[in-house]
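Here chain A shows up in two complexes: once beside chain B, once beside chain C.
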Partner chain A sequence: MKKADKKKTIAGKSILSFILILVAVVQIFPLIWLINFSLASSVEMFTKGLLIIPKKIQWGNYIKAYVDGHFLLYLKNSVLINVLAVVLVIFISIMAAFACKRMYWKLRGFVKIVLLLGMMIPIHATLLPNYKIYSSLDITDTLWAVLIPYVAFSLPQGMFLMTSFLDAVPEELEEAAVIDGCGIYRILFQIVTPLLKPAIATVSIMTFLNNWNEFIMASTYLSTPKWKTMPFSLLEFTGQYSSNYAVQFAVMALTAAPAILVYILLNKHITKGVAMGAIKG
Partner chain B sequence: MKKKLIAMLMLVVMIGALLAGCGKEKGKETGSVSQGESTKKEEKTPPKDENITIKVFSNLPDRKNGQGLVEQMIIDEYMELNKNVTIEVEALDEEAYKTKFKAYAMNGMPDVVSIWGQPSFIDEVLDAGVLAELNETDYNDYKFISGSLEGFKKDGKLYGLPRNSDVMAFYYNQKIFEDNGWKVPATYEELLLLGKSIKEAGMVPVAMDGGDGWPLAILLTDLLLKVNGDCSSIVTPAVAQGNFTSGEMKKTTELLVEAAKSGLFQTGYDSQDYGTAMNLFTNGQAAMFYMGSWETSMARNQDIPEEIRNNIRAFTMPVVEGGKGKATDIAAWNGGGYAVSAHSEVKGEAIKFLNFMYQPDKLSKYGWENGVGMSAQDQTEFLSGNETELQMQFMEFLKNATSVSGTPINDCGPSIFKTVIESEIQSVSNGTKSVDEFLTNIGLACK
Partner chain C sequence: MKKLYSNKLVILSLVLPGIFVFIFAILAPISLSFYYGFTSYSGMGKAEFISLDNYIELFSDKNFHISLRNSLFLALGFIFIQHPLAIIVAVILDKLQGKAEGILRCIYFIPNVISVAVIAYLWKFIYNPDFGLLNNVLKTFGYQGQINWFSSDNAIWSVLVVLIWHGFGWGMLIYYTGIKNIDPVLYEAAAIDGANTTVTFFRITLPLMKSVIQVNVTMAIISALKQMETVYLLTNGGPGNSTQFAANYLYQQAFKAFRYGYGNAIGVVFIIICLAVTILLNKMFQEKKIA
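Take a look at the complex of A and B:
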């Protein structure tokens, strides 16, 4: 009887491992595919079979991507813009969430709804009006031209997660802090914020990933290379009709690397953050 | 506490109002100054040695290959010859280009821009009055092919210059054809039969970029020319009336559907893009590839295996039995080109640069030498004897043409018509929509 049980457990574990490995392979495959194609030549790209065995490994694709794709400049811009966007989104969403959830004032419900409504506005609908506004403010082709919309479009999502997560923080903590003489900013930044860590990680990663790959707003509001971001690298290899796919794959591999790194670093918190944020409203 | 709060709130409102006031004033000032300046600057020509910056907005982001390289070569040459001129290029791919073009049209365009001399694009742009008028007599010696400037005109005035003459054809692999005993088809029916034989041999007959919609629309134009003998007599009134249900249009669409049904194109052609289709051909998996003359550079592309690139040849759409079109009536048109912004602060210098680009030994010559397609100017004097057989074939197509289709059907109407026909043509070719539905829907898009 015991032997049979043991057999059952081993069989169950094997099936589970098999399924998990399968899921992992499916998840990781696009990355393998990306790196594989980035080392082949453009002509080999559409041969039969999922992966290519390149006749000669084309390291040159990476050199072209790095040099002709202005990789360093665009990386610097992307990192700066994204870090600023993440910091601003976190800062504003924590304050807004706290104000709408824990502070009692007349229009708090309305303000929360207005802020969350931002999630429903499609980016394309705002392109031309925003361009007109930035133009009259003379901020097109500056850092602000991309930073403002990046923060604005990430804020509703950040605010939504922060408000949901704030429910999990007991009000008694704040009451105790008030009794001990804490002011509102001290309560918010020294008592509440440390407890929001998983939500902060989740919002950070979502904001970062969304804005890291954003192109249409950047291409509309920026003209000179000064503030252009990583997706512009890809464009350097886009022809009028067909493109240099192999180098584009190399650019994508280089572009994906920092995003993957951020994901790995914050991965621990994101699952927790999404799960906890999801069940509260 | 409450008092403090009210005081704080009032302070914030006050600062906000002050800042808003400043912003408005500043906006007003900038607006009026720039307006005044632009009119002033339009009139004055900058002194000879004054540093001038010309902004070029291009739809050719790849500056190291193809047409983008040719454009960049001329820009570098111009800056070398005119040390006081700096040319700044902003290049985006077509979709992003068109979005930003709209933004620029609202708030001031760069000095030199890429444009398309087709109603779907140029009509709205000319109505907005953002392009500068050019003096047509300036270009008498520029050897433009007769009729090539027409697409860039409105009320007899010229607003842009064409860059290319595009010819649509079937590229084929001569070696594969010879090895299998296949012959270049003389009629459309023969083409379909050939397609079946190629399919039976385990190859893709024609690699088709159906994912984009426009190559299928050009195929429809090509077939209409063979059915009716000319396109404009059918398409122009149909666009004006929003009615495409004529017998010729119906027959042409049925011919296209028949080709797709008979398996002339690769499996999944309606979702595969340009690169996929082209690579099927350059890998030797497809025997033919339906594309424009800009791809003659395949014959020089070192990335394509030698035995394939040396054997690429082309033929134009064969005649349709019972059709009015001759074998020498070809699908050809003048598409993209350049124009100067009407409100450019350096309009004089921008036009000078545009004229420099179009000197016959510049855009036209460099384009020919780099094999990036055929220019809208006469290129015969640049024949060096080093041309590929493919280049010569395309030159012959144009030389022997008895008539050309002009602007492809998808670019003949308003921009919404372009969007609708390019999506509906995929549905009609793969059988998800009937021919009648297709014709009705594209008609409605014109209304």
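Take a look at the complex of A and C:
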């Protein structure tokens, strides 16, 4: 009897492990396939079997991808735009959340709702009119054309998280600071902000994930390479090398690499941030 | 304290940046859309006022109906395929201890951090009839034919598969966190009472995950409604309009068909639908919470 039970749990356990591994294979195999094909030559792709053993590893694919995909320029743009977006979102959302949550004025409830409303507005509906607005202001192809919408569409979530984390900051601390003669700005930036660290981490991660891979706004508002971001390495490339599949695989792998590397390095923090953001939101 | 905390000038300085961004990037474009929605503007030249003509046309526009139907299809696919799978994996993963747990969780989430552009192009290759991964996998199982994954019957399913694959890790992670937040004492009590795994799952795990499931389902429905980027690169709504979505359709109308006015009318209706669905879902789930 006991033996049968044991057998049953072992069988059960191996079925469960099998499910986990199967899902993991489905999730990761396309990426292994991608890297594999990126190191072969285009001719070798039309062979049988799932993976190829290339006769010679074609590092040249990556060199072409790196140079002709403007990899360095687009990476630099992506980093700059995203860091600026994160910093702006954090500052603006902390200030607005503090004013709406802690300070006394008539319209605070209304302003809070208005700022949170952005969460429900689909970005795609603003693509057409924003294109018109940016053209008439002559700011297409500038940093502002992507930075402003990126901040605008990450702000509601940032504001939401900051407001809910502000609840946990004890008001007594602020009262004590007022008695000591601190001004509002000092209270906000030197006393309250350091206490919001977990919220700041969460908002940074969510904002980064939202915007790093964004391309539809960028491709609508930008037409010259000056401020284009990472996804454009790939988008522009496929036209240029339309029949050289291997190089296209290389540029895909290269475009995806920075985000994957950062994710693997910061995996624990990102997991925590996403979970916190989703559950509070 | 109260005096310091009601200084109007300080308050203004704190909320002004937020309000500026909101007006400039959200309010102004929506108002402009509203205006252009009443015109026959092509993108160039003069905008002619045509009152409600765009909206009347949209009402009977077959492609717009297909777009909404496709959003519904995606939402159902997420709810009945992706999410049950994510919950099951999350439950099993929760029982696993040690290093394997962390590694698997990491693997499940990786597709999520990859750009939609890469995902769409990668899957275009996976579906490729000549050297695509999917047909090669079928071949290794002995199937000899070549399936056209982008035929008008298959295309919407192919889109669904990509989206399920891409978003799986996100949903799984949130369910996983929800399960981790359940008090282990409840499981111990159930074990003492002799409940087996299935009973524990249906009587403890699922009911306690209700609010997490509601949040996740809401997000799934809204993302199905807002779908654009993947479809834009993968099929661009084709073949025909079989994989059309509202956001993609308005973009095509404005920038490809040069019907900027009509595109904006679609945009206005699209915003109204998104707002209505979000509010409705929140209302629905809120009432349930009280009951």
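Brief remarks follow.
As a convention for this text, the second predicted complex is superposed on the first by the 179 of 281 C-alpha atoms of A that agree within 3 Å, B and C clash if a C-alpha of one lies under 4 Å from a C-alpha of the other, contacts with A are read in each partner's own complex, and residues count from 1 in each chain.
Here is the rule we use: a contact is a pair of C-beta atoms (placed from the backbone, for glycine too) under 8 Å apart; a residue touches a chain by one contact, two chains touch by 3 or more.
Source: prediction; values computed, not measured.
Of the two partner chains placed by the overlay, only chain C lies in contact with A:50; chain B stays clear of it. Judged by the touch definition given at the top, the superposed model places A:41 against chain B, while chain C stays out of reach. Of the two partner chains placed by the overlay, only chain B lies in contact with A:223; chain C stays clear of it. Of the two partner chains placed by the overlay, only chain C lies in contact with A:125; chain B stays clear of it. Comparing chain C and chain B on the residues of chain A they touch gives the larger count to C.
In the overlay built on the shared chain, the residue A:68 is in contact with chain B alone; chain C does not reach it.
In the superposed model, A:184 lies in contact with chain C only, and not with chain B.
Applying the stated contact rule after C-alpha superposition, one finds that A:241 touches chain B and leaves chain C untouched.
In the superposition on chain A, A:135 contacts chain B only, with no contact to chain C.
Comparing the two complexes, residues 45-46, 48, 127-128, 132, 215-216, 235, 238, 245 of chain A contact chain B in one case and chain C in the other.
For chain A in complex with chain B, the residues that touch the partner chain are 41-43, 45-48, 68, 127-128, 131-132, 135-138, 215-216, 219-220, 223-224, 235-245. Taken in their complex, chain A has these residues touching chain C: 12, 16, 19-20, 23-24, 26-31, 33-34, 37, 45-46, 48-50, 91-93, 95-96, 98-100, 102-105, 111, 114-115, 117-118, 120-130, 132-133, 148-149, 151-153, 155, 159, 174-175, 178, 183-185, 188, 209, 212-213, 215-216, 230-231, 234-235, 238, 245, 248-249, 252, 255-256, 259-260, 262-264, 267, 271, 274-275, 278-279, 281. Across the complex, chain B meets chain A through its residues 23, 27, 30-31, 55, 59-68, 88, 90-94, 96, 99-100, 102-103, 106-108, 274-276, 278-280, 282-283, 285, 292, 294-295, 303-305.
Only residues 1-2, 4-8, 10-11, 14-15, 17-19, 21-22, 24-26, 28-30, 32-33, 36, 85, 88-89, 92-93, 95-96, 102, 104-118, 121-123, 125-126, 130-131, 133, 136-137, 139-140, 165, 168-170, 173-174, 176-178, 181, 197, 212, 215-216, 219, 225-226, 228-229, 232, 246-247, 250-251, 254, 260, 263-264, 267-268, 270-271, 274-275, 278-279 of chain C touch chain A when the two sit together in their complex.
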